[in-house]
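Every chain is named by a letter (A, B and C) in the order it is written, and numbering of its residues begins at 1.
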Amino acid sequence: MIPLLDIRSLKVSIRTDEGMANVLDDVSLDLRKGRILGVVGESGCGKSTLIRAVMGILPRGAHIDRGEIWFEGENLLVFSEDELNRTVRSSRIGFIPQDPLLALNPVFKIGAQLLEVMRWHAPDDGSRGTERRWRHVRRLVELLRRMQVPDPETALERYPHQFSGGQRQRLLIAAALACSPQLVIADEPTTALDVTTQHQILLLLRELVEEFGISLLFVTHDFGVVAELCDDLCVIYAGQTVEAGRVGPILEAPSHPYTRALLACHPDRATSFVGIPGLVPSPLARPAGCQFAPRCRDVRSSCQAAPPPTGRTRSGAEVRCVQYA
Amino acid sequence: MNAIFRKLARDVPAMLGLAIVLFVLALALFGPWLAPYPEDASASHLLRRLKPPSAAYPFGTDNLGRDIFSRVILGARGALSIALAVVTTAMLIGVPLGLIAGYREGWLSEAIMRVTDVVLAIPQLILALALAQVMSPSLESAMLALSLTYWPFFTRIVYGETRRLTASLFVDALRGVGASTPRIVFLHILPNSLSPVIVRATIGLGFTILVAAVLGFLGMGATPPEPDWGLAISESRTYLPRAWWYATFPGLAILMTVMGFNLLGDGLRDIVDPRIRRSR
Amino acid sequence: MTSATPLLSVRNASVLLGGRKGFLRKTVPPVRAVTDVSLELREGEILSLVGESGCGKTTLGRTIVGLQRESAGQILLDGKEVGGQPTEMARRTRKAIQYVHQDAGAALDPWWSIGRTLAEGLLIHGVRGAGERRDRVAEMLAAVGLDPGWGRRYPHEFSGGQLRRVALARILLLKPRLLVLDEPTSGLDMSVQATVLNLLLELRERFSLTYLFISHDLSVVERLSDRVAIMYLGRIVETAPARRIFTQPTHPYTRILLAAAPRLNGRRGTENVVVRGDPPSPAHVRAGCAFADRCPIVESICRDEVPTLAEITAGHRVACHKRATGSAVMEQPAPAGAARLAS
């Protein structure tokens, strides 16, 4: 089965005041239809850049050095800005941002903003003008009801500040789904929410994936959320995928030393609080060889000499470590 | 600090502005030694009146035979001193008012800001003219008038900064550590609010020179025989268009100086603003 | 480690926030951020205040420190009344209590060198000799794991983790006994969080500190705390030793909260409950129990009377009308597709 989203060896550099930053060095992941893939990494690992690369919204000064992003059999990197707008964004790939307050324009009503998305990106069903608009409104109301937003009809007439944080996030999920995309990318959508609200949203996302058959690319730094929500997992360190595979086996028995060290830091597992000694290498000066070698407990002499190969574990996970070659 | 200078150095217009400002500053400081005919600040040589630009008199001579080149150079001192005096006085009035108004909400804060609003609503030049009329026209009255119209700009800026900083985390932490109000306001809030004040002061210097020149032109400021640029343009009116050099060179001096301050101020603002926005 | 008098004692404290009297401006009624809260902190223990947005935990923490003034109730430090004072005075009287901000780096004046910032606290509290201040600053910098020679540097020259240490150093120089920590691990990466918690535990050991730990991260709270107090809409709804709260939560809100918190090793407790709606805003005044609107086991008495905190076993207090009936069953149909969210 061809994966819905297949990122191959993506390398992205960004020009900064201090030089060329190699933000993504070698990221590969694949997401199958109907599954939820968690992308986990700490600050500075490159997760945001990865999402921007898929959406085609990399900052000016960013350069794709190598790699492809295959979506439904097409390489997104060769699409022009116009083609991305017309055929991909919102209509085939939806996006749920991290902070709903920042993503919504405070001076326009919700209805106006959501309808605008649909006007540009909703699939063509043959209707035109007022008829088309009415169909969109009906669809939105239906979606909002599905999202458990109270009073969906009047909700469209309200302004963003009149909703709570959790409700705003539901509105954005509705916006992401409005045009029936195949893939939804969520950038830490529950980080800013309360615990109980987060729980509701995660359950909602799981249901939507099952009901609508969409695939979800979920970026987060919280392993607990990954454990609850995701089917597959991809761990990123210093711009590289270090471990990828199904969630259960990886959480039970992590293979890559970084994954192991990171999971050992989680309060649910830690016997004492230790952290990981050392610092993440700067994208401006990536070391030769394995990026994690300076901090790795199992480091060998060969690790810093040459980049480690990617191998497979018994459970089928891919690991970038010489121990599994 | 170094990062700031490097960033400024990359901004070509700002560097140009800085060069001009430093140049004018040098003229102001060393004018009497740089001007070929320093005595022409007051002396007159009627035999040389209204001569066009030449090797001996690069900018020509005026109606009293004085070398315009020298008078333009000498005029820099007057222009800059007015500017500095006005802006400094305006800051001395405006900054404390902004601090008081911004730190604690209440009737005093409201009162200060409403007065500020009123003074800001009046066109500066007209207010300065009115004040200059009331007090007898002189350089001193012009300076006072300009100071009294310029302080609200500083109050507004400092008010905004003070309000922002009072609500900031580090001021909260200072209260946590037990710092008293005067300590917080003068040792912490004030230094942190200076960046936009410096930007405004730089642009204000240029603006003041312009307005002072206008006042001088209208006879409300400097009086003859001072080598004031505005006054020179005023005096030149009767001799135009024949003695074109009489108005042109003082005019160019004003243009260049004001532009220099504006370019520098813009450059400073570009550094200051994104820094403020970036830091929490 | 136990002494007869608790280090900190809060009795029936209430805090009203906001509120503007009209004259030139619109009258806005104050909000009850904290209502009738009583708690005690014994020397050396870690008490966690847990709750979601609007529960009042931050306000309560700041009121205990003195950055916020309580509208009613008493605050006792070592058995002595220290409440009812404006901020500046309160901070002098309650010098033994210090507040640790969530974002340490932002708590430092960017235009002051860190050495000067650290010395300032000492200067404010009467340490006259510049030499003595310098020595103590250097000593403390070393104690928190930083180079004593870095006093001349400015905040922007340090990393986030180092700034956190600087902020702690500044507070520790004042020789506090109780630290109120406001969400110290929020938004941090896992590995950084572990480092911070490790540092906090070390410092507690070294300087004999007591912690009031404000957080919404239940995983951290479970590992760290001696006792836990759960807050909802300005009141404490349950308080117990940490182990008990996590194994035998009694209040419906506590149980829902525990069930909702994402966990690495499977569900907490045996319940599979999802609560309806969003955490409420304290701006709306209610009669009866604040949780009644969202409670799965609500009854008519709940809407009429506010439940009070009462002990069910030693050290375990719950504010719920149904506490006497033991752990009421709150099961909902096992999740299956769209039926799951139906309440």
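Convention: contacts are C-beta pairs under 8 Å (C-beta built on N, C-alpha and C of every residue); 3 or more make two chains touch, one makes a residue touch a chain.
These numbers come from a predicted model, not from an experiment.
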item	value
Pairwise touch network: line, ring, star, complete, or other	line
Per Cα centroids, the chain farthest from subunit A	B
Centre-of-Cα separation between subunit B and subunit A, whole angstrom	53
Geometric centre distance via CA averages, subunit C-subunit A, whole Å	32
Footprint of subunit C on subunit A - complex, ascending	42-43, 148, 164-167, 191, 194-200, 202-204, 207, 210-211, 221-225, 227-228, 251, 261-263, 265-270, 272-276
Residue ranges of subunit C in contact with subunit B within the complex	24, 65, 67, 87-88, 91-92, 95, 98-99, 101, 103, 106-112, 120-121, 124-125, 167, 170-171, 174
Subunit C-facing residues of subunit B, complex	110, 168-170, 172-181, 183, 188, 191-192, 279-280
Subunit A contact footprint on subunit C (complex, rising order)	52-53, 187, 189-195, 197-198, 201, 216-220, 222-224, 256-257, 259-265, 274-275, 278-279, 281, 335, 337-338, 340-341
